[in-house]
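Common to both upcoming complexes is subunit A, partnered first by subunit B, then by subunit C.
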Partner chain A sequence: MDLQIALLLGQDGIVNGAIYALLALALVLVFAVTRVIYIPQGEFVAYGALTLAAFQAGKTPGTLWFLLGAGVLVAVIDTVIAVRAGALGRMKRIVLWNLAYPAVVAGLVLGLEPAKLPLVAQAALSLVIVVPLGPMIYRLAFQPLAEASVLVLLIVSVAVHTAMVGLGLLFFGAEGSRTTPFSEAQFTLGTLNVNGQTLWVIGSSIVLIIALYQFFGRTLYGKALRATAINRVGARLMGISTTMAGKLSFTLAAGIGAFSGILIAPITTVYYDTGFLVGLKGFVAAIIAGLVSYPLAAAGAILVGLLESFSSFWASAFKEVIVFTLIIPVLVWRSLTSHHVEEEE
Partner chain B sequence: MKQRLPLLVFLALLAIGPSVLPEFYITLLNYIGLYAIVAIGLVLLTGVGGLTSFGQAAFVGLGAYTTAYLTTAHAVSPWLTLLIGLTVTAAVALILGFLTLRLSGHYLPLGTIAWGLSLYFLFGNLEFLGGHTGLTGIPVLGLFGFELHTGREFYYLIWLVLLGAVLATQNLLDSREGRAIRALKGGGLMAESMGVNTARTKIVIFLIAALFACVSGWLYAHLQRFVNPTPFGLHIGIEYLFMAVVGGAAHVWGALVGAGVITILKQWLQDLLPKLLGQSGNFEAIFFGILLVLVLQRARDGIWPWVVRLIPIKAAQRVVAEAEPLPHREMPALGTVLLEVKDACKRFGGLVANNNMSLTVKAGEVMALIGPNGAGKSTMFNCISGVDPVTSGEVRFIGERIDHLESREIARRGMGRTFQHVRLLPTMSVLENVAIGAHLRGSKGVLSASLRLERAEEARLLAEAKRQLERVGLGEHLFDEAGSLPLGQQRVLEIARALCADPCLLLLDEPAAGLRYLEKQALAELLRKLRGEGMGILLVEHDMDFVMGLADRVVVMEFGEKISEGLPEEVQKDPVVLEAYLGGVE
Partner chain C sequence: MAAPILEVNDLCVSYGKVEALHHINLRVESGKIVTVIGPNGAGKTTMLSAIMGLLPSKGEIQFRGEVQRDIEVEHLVTMGMTLVPEKRELFGEMSVEDNLLLGAFQRYRHGDRDEGKTMDQVFGTFPRLKERRMQLAGTLSGGERQMLAVGRALMAKPKLLMLDEPSLGLAPLIVREIFHIIADLKQTGVAILLVEQNARAALQIADYGYVLETGSIALEGESRALADDPRVVETYLGLGGKKQ
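Coming up: the complex of A and B.
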């Protein structure tokens, strides 16, 4: 291996690491706020990427039907609950978010011919379809079980993942897709060729991380999420709705996931089940951080990205084995540094 | 006999199955059997123990690949490869267990996801394991000169192994070790205080689940006679968990029902869905995913409880046989200093909960620890019993320093305790809850429990539990669910549980709370009797009539410090105490 290859691999590793960092942040966020170990995070990556790819191929993405269907389902359930509780005042919100919004999105997608739109508009449309799926899934799968144990929530999480991968296959088929890059530019830094998409990925990851930091530090909703993460009961007593916190964290996670998908779609071919492995690598990073620390999770993600790109050079067949075995020394280190007998929930 | 009828009918149907059913159904039943063996392990691990693994398919793969490789490449006997496979699986499970089980509950499943993926990729990429095409030509299994060529012949072996696993698991759960396993979910801290090594118990059930999976893999390899990585991937590992949860994760037979339902549904959906949707793929996954979410939301106990309602199943045991009493600990002589706490401090971050606390308890005396709410009495209890060790200072028990021992080690030395907030296993019977207290007085392990070789010891443990329950006045409630008792009686149950350990020092945290007047008198009578037998009792209690009528000496705490100590009548007159309780006169 010479320096050039090392630099190239390093660049690859950092690009992947940046994506894993975003996903790790989302995973830490969701776990801290809702105690859900969010396995379906990866599916949002695939849905984001493949929805964009479908637009570019001139097809109507299946995720649109998912949005409409999930919206109707949520609306029906919430209406029944509202009617039983005699709280008809909720109806306006229920109809607006679960029926009117998906209908408007569907109107846009079907009326606009997205294939002819500029890339930014296509990406925005993809986000508009995929992101609301996050809170809808929270509503349907997790909210009724919000007080269950971490273990039950994890099993639900895996079940949702399984269903979403199956739906992904139904919507997008078994073939992989790539999208056109955000930028065709090429730069030369010494002996290293850097393409525009790389800078896009790294740049947007940094921007997003800073934005999240500001959100948690400076906004009321960000602080509400942090409060819920630290003490659910206490936050509730202060008037923070844990349902709101759950939906908000799932919305953010879905946004991060779908956006990550849109970022990587031009670099790698994305298949309906690609998201799982990508999401799990985010998990390895999040576990390095003990599922609590954001900066450690980001650092872990870069480590995972680098490990992956260098092991794909030395032992490409064992790339995944090496990355997922990394979790073992991490767990050893975690188990040596944590000392407490705790009562299971 | 009548109660066993459904089981006998089921066994009879199983036995005649191969002679009447067509090939297709035999194959289906074989697969259900193989899957159910794995799912039983998950019932033990997830449904009963409250841990989980998504990587069981990888353990199945270890069993299958070990025999596939050794029998094809080195012509080793399949029966020997079973042993080798079990050894390899045990080693891997032990390593993984040691790494993850000490951490919070969710690291184990995450670790198993990662390990399930790693092993799957490893199977697919190792040359000597045939890569993604796998290994073929695995020899036929021979048994006493009889060769199992067809699925019809193999059927009996699979179902015998499965029924053996069901029986062994049921036996295990109904034993001393089984009670420890059942205490893991929601009673870990209590079980530790009763002497159960919960970390070890967790590793044991993880190991058992892995070994069941390995056996299933070994059977699979010799049934199919070829292996490739596909059936050992993570999504199959997830499917095993679905089977356990859908069937009823807390019931051994639920594993069988779950394996049956999921396997048949899968078969049916794999035919139906591609026709319906016009394309091929694993669309049954969508259905299973949604099904599982609904099961967990609507019927968390799975299908088995419904099945039970339809067929009469053997009722729980209703008599406790008489048995020879367990040997007793030699009690220290009256007046021996049992417990000596010196300058104990306990800090939680910046909060000082106990500051320079000192007290002693002698054999044959009742020492009361009183003080206003929040004075630090229960913290003191947790420091003494090792639940939450002191930050600094010394705790001695019969002369030995115990301040850095685990609570189970302290329990072994003869200290019993109850909890301020009752810690019981509400769905277990009163008798079984109390028998957990006798955990350290038995020694028979998992293997003898599975094979029912520990019945003599078990009878003695249950008889002891019954004796203690009768002693505290709960003799009528032996087979009631512990959670159905009123709170006051649950506290009394905790005393019986502590007594079951044959302690020489008893720590009682508000034992009289929630009791009626007559019940309090009976409790006081019991404590006097225990004192007369030479037991030392340290008592936290708010009912002053109860305390003052019973205690030999009293220590008063406020804000984490001792403010007074002496005979009951002295303490009652102490102006510092009066101020703490009633407020000063300005």
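Coming up: the complex of A and C.
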């Protein structure tokens, strides 16, 4: 291996690492707030990428029907609950977010001919469709079980993942897709060729991470999420409802996932089940951070990205094996260095 | 008699098959301090948790003239009920200032954006918190933690403040300071439901008192009368009798 190849692999590793970092942050966030180990995180990556690809291919993405269907389901359940509790005041919100919003989005998508829109508008439309699926899935699958144990939540998480992969196959078919890059620019740094999309991925990952940092450090809602993660009872006593915190963290996670998908769609071919593997690598990074520390998760993600790209050079057949084997020494190290805390009853 | 801000009728709470609270009736009037005293394990914390909606219960709870069905903690907080729990439940890895800000979360959410002003008032009541505003809550001393818990509750501008064992684990000097502050809070018009093992201190500042024993109200009355009641004197105030 000479320096040029090493630089190339390094660049590749950092690009992938940036995406894993975003996903790892989302996983840490969701786990800290809701104790859900969020396996379906990767599906949002695939949904985001493939929704955008469908727009570019001039098709109506199936995720739109998912949004409408999930919206109706949530609306029906919440309406029944509201009527039973005699709290008809809630109806306005229920209809607005679960029926009116998806209907407006459907109107936009069907009326606008997205294939002719500029890339930014297509990406925005994809986010508008995929992101609300996050809180809806929280409402349908996780909210009724909010007090359940981590293991039960994990089982539900696997079920949601399987369902979403199946729906992904139904919506997008078995073929992979690629989207047009955000930028066709090419730069030469010394002996290294850098293309525009690489800079887009790294740049937007950094921007997003800084934005999240500001959100958690500066805004009251961000602090409320942190408070829920630190002390659920204390947060409830301040009027921060577990449901609101759960929905908010699932919304953020869906946003991060779909956005990551849109970022990688031009550089890798995304299939309906690609998200799982991408999500799992984010998960390895999150595990390195013990599912609690954001900076460690980001650092772990870069490590995973670099390990992946270098192992694909030396032993490409084993690259996934090598990446996932990393988790074993990490777990050994963590269990030796950290105290074991029994799960709260 | 003034209209009660909190009226609890026939409240029963069970843990599985064991009933921990039996048919509790209790009233708190606006601007008054009501105390519930009783020994360890009498069900005092259970009662507060049930009123706050943290535990399922049977019976009727009326808050500000409204019967609370399907009580949700968040809704009660919005309506002006705040609980300072026995364990404080602070956000240890966040600063004192952030802990206080979060106390105003429910008001902020409903468009009340005067949290800065409220915080200045809280700092007026607890100057020690102002000195420590940037410190992490987890690094505070026991007394400061209790002050922060009360301060955080005051950020919600409660109509009814419920305090669970504010003297627990604190040095006598700090206990006296905390009780002074509670007595002063009454001047601001907030109703206070004070649950205490330290019967002497509680009866001194309260207007009305209940004695809770093994899940039932054993005695109730004006706190001065309670403090003179021979049963209370013997069991809770000790041989020294009422402190002058």
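Please note the rule applied: the second predicted complex is superposed on the first by the 340 of 345 C-alpha atoms of A that agree within 3 Å, B and C clash if a C-alpha of one lies under 4 Å from a C-alpha of the other, contacts with A are read in each partner's own complex, and residues count from 1 in each chain.
Just so we're on the same page, a residue touches a chain if its C-beta (ideal position, glycine included) is under 8 Å from a C-beta of that chain, and two chains touch if they have at least 3 such contacts.
Keep in mind that this is a model prediction, so the values were computed, not measured.
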Which superposed partner A:Leu170 touches (first subunit B, second subunit C, both, neither): first
Which superposed partner A:Gly86 touches (first subunit B, second subunit C, both, neither): second
Larger contact residue set on subunit A - subunit B or subunit C: B
Partner chain(s) touched by A:Ala224 [first = subunit B, second = subunit C, both, neither]: second
First (subunit B), second (subunit C), both or neither touched by A:Gly234: second
Which of subunit B and subunit C A:Pro144 touches, first, second, both or neither: first
Common interface residues of subunit A - those touching subunit B in one complex and subunit C in the other: none
Partner subunit A, residues of subunit C touching it in the complex: 52, 54, 69-70, 72-74, 77-78, 82-83, 85, 88-94, 98, 101-103, 105-106, 108-109, 152, 156
Residues of subunit A touching subunit B in the complex: 37, 140-141, 144-145, 148-152, 154-156, 158-167, 169-170, 173-174, 277, 280, 283-284, 287, 291, 317-318, 320-321, 324-325, 327-328, 331-332, 334-335, 338, 341-344
In the complex, subunit A residues that touch subunit C: 85-86, 220, 223-224, 226-227, 230-231, 233-241, 244
Of subunit B, residues touching subunit A in the complex: 46, 50-52, 54, 99-100, 102-107, 109-111, 113-115, 117-118, 121-122, 125, 184-186, 188-189, 192, 198, 235, 238, 241-242, 245, 277, 279, 281-290, 292-293, 296-297, 300
